[in-house]
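Please see the structure below; I have some questions.
Here the chain labels run A, B, C and D in written order, and each chain numbers its own residues starting at 1.
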C-alpha cells in the first residue's frame, strides 16, 4: 500500500480517533454467543465468473481456513437476481440462525433493508458492503447488522479521473462508459468524474453511454465513438475495468491500443496486467479479498465474544468508508501477485477490525 | 403466434395428429396430476439434502418467495391460454414498483391504486396494439419490455426507498397464521381469475380464441376486445407484483423484477399450460409456480456447488416439462 | 432464378424491414454528419457480424415453428471451449484456427441435444432450450473457474480485429455464413423442408417426411451457428466469458421476426433476417451517434421496434388475419 | 402378374373406445376404379389411411401384388406406388406448387440433397398438364384458389406414379368435394384416363360421379363393408338404399307456398364491388326467401358471401338491412345485426374441435346464456340438448368434444350456432353440404326450408346445382364477378343446362 489517496489524508486522522474510541469501547472479553464449531460463515454475492467476485470468494474462504471454519463456509450466488439473494438468505436461516454470519455484496441496494430486517428478525448476523439506501443505518436499532463497509464511490471516481486527466496532460476530449445506471456506484463514480472535469476546463466530455458493466457492450459503443470523434478522443473513462478492457479492444482494432489513456475501476487481474503493459493507465481497487473476508471476521469476533456486541460499538465503527488503492504502472507489479493469508491475518484480528476504515460513511 | 393461413388446421386441434394416432401419451387425469407428482418428488429430493427444507419456516419463506412469481404467472397464464405471450410483465412490475415507491408518501393508498390502474392501462394498450395493428404479441410486448423499463429508468434511475406511509403496503410483507399475506393475495387473484376463466363469458372467449381464433372471429366475438381485456389483466397482475416487490424491499427499483420474467413463464409451462394456447388453467399454474420456486431456492439450499446450480436447474426444467406437458392437447410439439 | 428465390424477394419487398432500415439510416445520417461515413459503415458491419451469424441459425429454427432461447447459454459454453482450445493463459492447448470448428462443434452438440429432447421427449422447444441454455451457462461456469481465460493466439486475434480490402474480417465471415444459410435454405432439401415442417408439420408427416430428423438437424445447425458466433466474439474480445452472449437472445429473435419470419413458422428467409439485424445494429450505433439520452435508449429502441413491426405488417392487415 | 393389385384382409382399427373399422376386406384389381361409398363416419377415410400407411391396423393385413406388406412409414407405401389424396386440406402454404406436388419424393429434382429447381419444375409441370392446369409450378401455393389447391393435391397423389415401375394405386378421398363442375369434370376425366395404367380407389358422396367412373363399388357403414357391386348394375337410388339400408328421398318436401313477393326485403345490396373479386352486384333478399348463388370457382360468389358477413369490406356499394343502410366493420357487427354465416371450411372456420358441442353452439350468442354474473351452464345445456334433438345431431352428449363428431354432425353444430339464442335475420351458407352424406344433406336442407318458413332470409352457395335447385326459391348466377342471370324457380323453372350455360 505505497500510494495513499490525498483525499484520505484527512480521513486517516479521523481513523486514529475512531480506533481510540473503539479501544475505549472494547472490554477485555464479552461472553461467547456460540460454540466456535457452530459458527456458519455465509458469503452472499452475485456470481463467480467475474474476477472481482472470484476474489471476494477467495478472501472469504481464506478467512474461513485461517479461522479453522472452512467446513462451515457457505457461498450463495444470486446470478444478479435481487429477489433470489433475499430468498437464499431467508431459506438458509431455517437452521442455526443465531450462529450464522452473512457477508453481503448486495446485488442492488434494494436488498439491503429486507436482508438486515431478516437478520434482526431471525437473530442472524450480517455485514454489508458498498452501497446503502438513504436513511438506513446499522446503528439505528439494527442490533444484528454488525456493520456496513461502504466504498466511497465518488472518491473512487475522483481518484481514477485524476489519473486520467494527468495522463492526458490536462487537455483534450474524453468519452465515458457508464455502469448500470440504476446502481449507486455507477452514478457516484460518474459524479466523481464530473467533479474532476469541473476542476479541469481543458478536458471536455465528448460523450457518455451506459455499457452496463459489460465488456461486450462497451466494444461497439467505443467503435462508434471512434468513428464519430476520431482523434478528438484523447482519453477513455470507464466505470469498471471490464468495460475499460472492452474499450481497449476496440482501440486495438483501430490500432490505438496503448496510445490513448484508459482508466477503469475494480483492479481486476486483467486490468492490472494491461496497466503493466502500458495499455491502461490506472484502476482503483477496493481489494475484493478484504471485502470478502472482513465481514466474516467481524461476525466471528462477535460470536466468539472476542469483540463486544455491535450495539456497543461507535457509530463510525458500524458504518465506515473502506480505504481503496489506486493502481498505476508504479505499483501494478505488486498488485498482480495474489496475496497470501498473512497479508490479511493482522487485519482479521478482533482488535484490529477497522484497520482500513477511513472515517464515517454517514 | 404469427399468422395462420386458411389451409392450416387450428393450433392444438390437428385432425391429422389425432387421426394419425399421434395424440401422444397420458390421459387428462394423468397429465393433471403429473405436476403435483413432480413437485412432491422435488421437495422430497431436496429435503433429503437438507432436512430443514420441510420445516414450517422454510415453507413460509418459499411461499413468500413464490408470491411475486405467482402474480406474474397468473397474468401470463391468461395471455398464454389466449395463444399469445407477454414479455413485458416483469418490466411493467419494475415500473410499477418505482411509481408506488415515489408516490406512496404523498398519496398513500391512492398511489397503490393509481399505479395499479396505470399498469392495467399499459397492459390494455399493448393488447389493443397487438389485436388492432395485428402485430404478434411477442413483438408488441418485447417492445413494451424496452419501453417500460426505459421509462422506469427515466423516472428514477436508481432505487427509491419508501420515504413514508410504508404501512399502507407493509402488511404484504407480514404473514398471518404462518402464511405470508403476499401469497394469500396471490391465491386470491388466482381464485378470482380462475372463476373468470371458468364461469364468465370472458373466460369462454379466451379459450375459444386460444383454440381457434378464426372460428371465434367468425362467430362474431369481438376478439380485439377480449385480447385487450386479457392483456389488461396481465398488466394488473404485473402491477400487483410490483407492489408486493415494494412491500418486500420497502423500496422501488427500475430493474427489480426483470429477472423474474423467464421463471414466471417457465412456471406457466411447467404447470402444463400449452404454449400453443387454448389449453391450461390457473390451478396448473399454481403447481408450476411452486415447482419453479422450489427449483430456484431449493437447488441452492441443497448445497450444490455454484457451477452445477444452473446445470441442475436446466435439467430439472426439461425433466419437469417432459413429465407435465399435456401432449394430448398439443397436437404438434413446436 | 428459382421460384423459391423469387418468392423470397417478393417476401422481402412486402415485409418492410428494408423500409425500416432505410428510414433509420436516413434519419441518423440527417441527425449526425459523422454517421454516413465509410468508417462508420465498417463499424456497423463489424458489430452486425456476430448477431447476423446468430440470426441465420435462428431463422431456420423459427421457420420450422420452434424457438431457441438457449443462445446465451450456448455462446457461454462455446466461448469458454474456444478460449481454452486455442492458445490461452490457462491450458496447454494451441489448436489455432481449429478452435473455430471445435467451438462450432460444441454448439452443434448442444443443438443436437435440444433437437432430441424436442422430438423424443416431446418437450416444447421453448422449454427445452430454456433448460439447455441454463445447462450451457453452468458448463461455462465450470470451465471458467477462477478467471476468464484470455485468448493469446495472435493470428486469430489479428484476424478478428482486422480488415480485408477495408471490410472487417468478421463481417466477411458473417457474410459467408449468410450466403451459406441462403444456399441451404433455397437449394437444399434441408432448407426447403424447414418451410414444410413449419408450414404444416402434420402434412409433412403423412407425406412420409422424416420430420423429427430434419428438426434435429435444424436445431444442430442453429447450435453450430451459435458456437461459431461465440468463437468470433471471443476472438474479438480476446477472452472466453460466461456472459459473452448476454442480451443476444431477444435481440436475435427480434431481428429475425422484424425480418419477416413469422413466429408460427413456415415463412421467412435469412435475407430478411439479415436486414433485420442491420436495422437493429444501425439503431444501436445511431443511438450512440446522436448521444440519445442514456435513460431513454431502451425506451426508444422499444418504440422503434414497435413502429417497424407496424409498418411491416400494416398493409397485410385483414379482418381474418390471425396473429398470436 | 396377379389378378389383385391391392387386397385388404380383415382390417380393424379402434380409436379410443370407438371402432373406426371392423374386419374390412376389399380388393383392388389392376387397372380398375373401385368406388367406396358410405355415410360420414362409415370408416372410408380410416380405411384409406390404413392402406396408405398413415396409420397401422390393429388386426388384419394388407397384401400388395400378392405379397403381404406392413407399412412402417407412409414412405414405404408411397415407394410401393400407393398414392393418397387426403380429404383435409394438405398443401404447404409457404412453398412452391412444384415442391408440394413432389413433396417427399422429389426424385431427380433433388440430387445429393441439393434442389435442382429447373428439373423440379419440369417434373411437376407434367402432372399439372395431366390435369389441364395452367398455373406455373413455381407459383407460391398460398396464392392458389381453394379448388386449385384441391387439384394440386390430386396432382401430388398422381405423382407417385413416377416412383415405381409397378402400376400405381391411387387412393382418392373425396377429390371432388371442393370442386365446381369444371374441376369435377377434369378430375373424373383424369381418373378415367388412369384406368389404362393404374388402379384407383375413389371416395365420393356424389353417387352419380361414382357410378360414372367406377367399375366396382364397395358400400361401407359403421366401419363395416356392407356390400360389393358391379357399377353397371346400379342406379343412384339403389346405391343410396344400400348405404342407409332403407328407402329415402333426396328431394326436399317443398312447401307449396312460395315466399309471397309482398314479403319485405330483409337484405339488399346495391352496386357492391370489390377489387378483382366481384363488381356491381345488386341483390334483394326477402324474408323467408332462399337465394341460391351459383358460380364456378373464381366467379366471386364465395367472396360476395364473405362481404355480406363483414369479413371483407367492399370497395364500393351499399348494403341495407330491412331498409336501413349498414356498414359492417367486422363479423361481430354482422352478428349484432342478426346475420349468421356457416363457412365452407368447417374444420378451421366452422367449429372448435376441442370445445364441447354445447359450447360451440352458444359461442355466437353467449350473452344470452349469462345470468347476472356467470354463464348459466344449465340453460346452456338444456338449449343445446333441444337443438341436438331438433337437428338430429348424433352425439353421445352435449358435452362431447365437437371433433369427436362426424363431418355431417359437425356441420349441424356449425349451423345450430346461429339458431340458438335468437333466430337470425339473414343466414349465409357457404357450401353447407360439402362432404356430407345423404342423410346429413337431407336434414340440413330440411332445416334450411324450415328456417325460410319462419321468415329467415337465406343465401346459399352450394357445390352441385341439383342441391341449389332443390332448396332455392331464386337462383342468382355469377360469372367472373358479375351477376350473369337470375331465375325464380317458381316462375321460370330454369333447367340445369340453362344455369350451367350462364355460369361458363
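A few remarks follow.
One rule holds in what follows: contacts are C-beta pairs under 8 Å (C-beta built on N, C-alpha and C of every residue); 3 or more make two chains touch, one makes a residue touch a chain.
A quick note: this is a predicted structure, and the numbers were derived from the prediction, not measured.
Contact with both chain A and chain D is made by B, C.
Put simply, the chain farthest from chain C by mean CA position is D.
Centre-to-centre separation between chain A and chain B, using Cα means, comes to 36 Å.
The mean-CA centres of chain C and chain D are about 44 angstrom from one another, to the nearest whole unit.
Chain geometry summary: the mean Cα position of chain B and that of chain D are 42 Å apart. With touch defined as above, residues shared between interfaces to two or more other chains in chain D number as follows: 54, 91, 93, 311, 330-331.
Shared interface positions of chain B, i.e. residues touching 2 or more other chains, are given as 4-5, 7-9, 15-16, 20, 153, 157, 214, 217-218, 306, 309-310.
Within chain C, the positions touching two or more other chains are listed as 141, 199-200, 203, 205-206, 266, 295, 297, 318-320. Every pair of chains meeting the contact definition is listed here: A-B, A-C, B-C, B-D, C-D.
Of all residues in chain A, only 47-48, 74-77, 79-84, 86-88, 90-95, 108-111, 113-114, 133-136, 180-184, 187 touch chain B in the complex they form.
Residue ranges on chain B touching chain D, taken from their complex, read 4-10, 12-13, 15-16, 18-21, 195, 199-201, 204-205, 207-208, 211-212, 214-222, 278-279, 329. Contact residues on chain B toward chain C in their complex (touch as defined above): 1-5, 7-9, 14-17, 20, 22, 24, 82-84, 87, 129-130, 133-140, 142-151, 153-154, 157, 213-214, 217-218, 262, 266, 269-270, 275, 277, 306-318, 321-322, 325, 327, 330-334.
Partner chain A is touched in their complex by these residues of chain C: 32, 34-35, 37, 39-40, 42-43, 46-47, 140-141, 144, 146-148, 150, 161-162, 233, 236-239, 241-244, 246-247, 284-285, 288-289, 291, 294-295, 297.
Those residues of chain D that touch chain B in the complex are listed here as 15, 45-46, 49, 54-56, 88-89, 91, 93, 141-142, 146, 149, 309, 311, 330-332, 334-336, 341, 343, 345, 347-355, 359, 363-364, 366-367, 370, 373-375, 403, 417.
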